[in-house]
Amino acid sequence: MAIEVQNLNVHIKGIHILKNLNLTIPEKQITCVIGPSGCGKSTLLRTLNRLIDSTEGVRLEGKVLVDGTDIIGSGPEITELRRKIGLVSQRPCPLPMSIFDNVAYGCRINKMYKRHRDLENAVQENLRAVGLWDEVRGRVRTPAARLSIGQQQRLCLARSLAVEPQYILADEATSALDPISSKTVEDLFVSLKKDYTIIMVTHTLRQALRIADNVVFMYLGEVIEAGPAQEVFNSPQQELTQKYLSGVFS
Amino acid sequence: MKISKSKRIEEAVFKVLMWVAMGIVFAFVFSVIWTIFSRGVKAMSWDMITKLPGGGFYIGKEGGFLNAIVGSLYIVGASTLIGLLVSIPVVFYLNVYRKKGSRLAYVARLAFDVLFGMPSIVYGAFGFTIMVYFGLRASLLGGIIVITLLIIPIFIRSMDEASRNFPRDILDASYALGATRWETLRVVVRQIAPGIATATLLSIGRAIGDAASVMFTAGYTDSIPTSLSQPAATLPLAVFFQLSSPIPEVQDRAYAAALVLTIIVLILSIGGRFITNRFSKNKL
Amino acid sequence: MVKNRIVKDRLAQGVMFSLTIVAILFVVVMAIGLYLKSSPVLEGRSLFSLLTSSVWKPMKGEFGFLPFIVGTLWVTFLAILISFPISFLTAIYLTEYARPVVRKFVFPALDILAALPSVIYGVWGMLVIVPWISNHVAPHFMEFSSGYTVLAAGIVLGVMVIPLLVSLFIEVFTSVPAELREASLALGATRWQTTKKVVLRKTLAGVLAAVVLAISRAMGETIAVLMVCGCVIGIPTNILESCYPIPALIANNYGEMLSMPLYESALMFAALILFAVVLIFNLLSRIILYRIESREE
């Protein structure tokens, strides 16, 4: 049992954004969160790593158990939680430094390696894991901003992997990319699920169809339906889900 | 877990430092205001603000500094008016007639920022040379000219700031109805009226408090000027000159004048904040 | 009817255009005016000797600006030294940490600091800072000090510069997109680590520009400094000595100016120095700040 959400309510400036969410997100699988825009998908992700704390006027209620510890309320040290949960955002967001420093950033922040050799190895290994190493080999010391958008997104993934998380949150991670880069990143996620628990917010149903093991369908801040992908896609129980899947609204 | 501790300690240390820094800021504000008020109130009397300096004022005899109050009001009033007349067209020109990213607008903004940053003593010195060139002596007119020059950049920069944020769609909507840009200005004025108001308060605050520029140009006198060519006293200079006197009674008057000046400036500042807050609320 | 309207539009445009140009030209006119006025003192004296000589005897026609320049630099340096950490930390707190409630209290306080006139700071300096230095600070280091010192001027000026620095810093820091901060936070960085390694790294040029702008503001400040600096001609060797910055020199001697053309010219030259330094500093920092601003849009 990886992540368990129990009676989660989120209010922002008095507006009820997430309403009484109950969810179980299984380990080492890809869980896709789908639903029309504004349904609270992103808020859910931001709650899971508590990035939502930087939003003004936010109030959290309920429980989110990550590996059995509640992360709402006092919980564990938030930086430790965030380290355990990697994030790949919608638009790639390289930090204003070199490719190498981007990947090394988290390791340095968390003082993971004492020797520079080990750090270098870790950076190389993670760049390999996202298939970027061969492309950037000779220029890891150049600014990351010079990479293409697709490469930047993979760099951000490598950066997240470098702090050795157990979970990866992806917020429409492929929506800003061209079709080919998008495919590359998507394949990456599939290959990563043997080691990581992945939670993906996606706008494209087809992407969810391709890679999801589990699906969570949200609408207006509520979870309408959740379960194994095949069940939800093939025989949705709720009328709303049926309508959404058949493209009545999106 | 040790790792996490060291970064948490660093975080805590800097957070404390930030609190200390803000505490120091508040301490300064409090210290200045308290000093001015506590000394000023002791020296304050009704005569101070209603009477002109009488005979023997500067050796501690009776009288007040009405001359400085009126002089300051004359200068500030006139230069605010002229300043508005000059800067509103410039701001409109930069924002409505010129397209975004215009080279001229860029240079103009740069020029106004530079003028904004110019020390008032330089304005004073320059203004004085100009006056000498035209054969003017230290006078009300001289003070008005220099203060106007001093506040125009303030006017323009702060109004420009306000009008930059206003929705360009409104312009398009007005053009679409067949209005010329000149006619569209009326719409713009209404939109940025609060910006103009704030800019005005800001400029008045700067104008009334500036001593270095009027020192050369407006001079100082014990009477209320009756024409533009007579010298005029100003509040900041009243503070400055009376404070340099060795006689305690005269120094007290400086404190009273400082109190009056501070109160005026505080009212302007609070008023400005009130308007901008209201303004941003309306925008939402 | 239509023609009339269009003529009006054109006319308005013409008037506004000329007003704008006049305003821009004003900077140039100012430079030329100050230069012409200071040319007599530049005649027969090299610029270098004017700036590096420390002999100031107007009656004998000797004008060495070094004491005043050094005084200005001392005071300005001290002011920045005091105001930088305070403003920097305050601005970081306000942009990176503070809830809106905190801002509601701090902004008005900064507003007040910004609004108070120079002469009020002068009064405050004379009543609070000068006696404090004379009674509590100086006795540790020397027999007697009146308190009218470089230190007093530096403190007063430092306080005056705080609101400018804070508002510039806030402008600079808020130009960093939120996603960058979140990217760093999501990797387990603390707020301070994020500020240090991402926000500051991204805004270094802007922070520098803000400081340069503050320096130029501090250099030109007149009345407050004049009231607490002591106005003794000489090169101060430590911060507990009096000094005589350039603006104070100009302001203090305006009365005598008229009778001696060369003296007047020397004072105008002093104004020209200020003008030139402020012009260069302002241009540099504003151009950098504009870049940051446009990147934000």
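Should a chain be cited, it is by its letter among A, B and C, assigned in written order, with residues numbered from 1 in that chain.
Just so we're on the same page, a contact is a pair of C-beta atoms (placed from the backbone, for glycine too) under 8 Å apart; a residue touches a chain by one contact, two chains touch by 3 or more.
Only a predicted model underlies this, so the values are computations on that prediction, with no experimental measurement involved.
Least step count on the touch graph, subunit B to subunit C: 1. Located most centrally within the structure is C, per distance between chain CA means and the overall CA mean.
More C-beta pairs touch across the B-C interface than across any other pair of chains. The greatest centre-to-centre gap from subunit C, using C-alpha centroids, is found for A. With each centre defined as the average position of its C-alpha atoms, the distance from subunit B to subunit C rounds to 16 Å. The distance from the centre of subunit A to the centre of subunit C, each centre being the mean of the chain's C-alpha atoms, comes to 48 Å. One finds 52 Å separating the Cα centroids of subunit A and subunit B.
Residue positions of subunit A with contacts to 2 or more other chains are 79-80, 109-110.
Each of the following residues of subunit B touches two or more other chains: 7-8.
Subunit C has residues 189-190, 193 in contact with two or more other chains. By the touch rule above, subunit A contacts subunit C in their complex via residues 49, 51, 54, 56, 79-80, 82-83, 85-87, 89, 91, 93, 95-97, 105-106, 109-110, 156, 159-160, 163. Residues of subunit C touching subunit B in their complex: 5-6, 8-9, 12-13, 15-17, 19-20, 23-24, 26-27, 30, 33-34, 37, 85-90, 92-93, 97, 106-124, 126-128, 159, 162, 166, 189-193, 213, 216-217, 219-223, 227, 247, 250-251, 254, 267-268, 271, 274-275, 278-279, 281-283, 286-287, 290. Across the complex, subunit C is touched by residues 7-8, 10-11, 14-15, 17-22, 24-26, 28-29, 31-33, 35-36, 39, 86, 89-90, 92-94, 97, 104, 106-115, 117-122, 124-126, 128-130, 149, 152, 156, 180-183, 185, 205, 208-212, 215-216, 236, 239-240, 243, 254-255, 258, 261-262, 265-266, 268-270, 272-273 of subunit B. By the touch criterion stated above, subunit A contacts subunit B in their complex at residues 77, 79-80, 109-112. On subunit B, the positions that touch subunit A within their shared complex are 3-4, 6-8.
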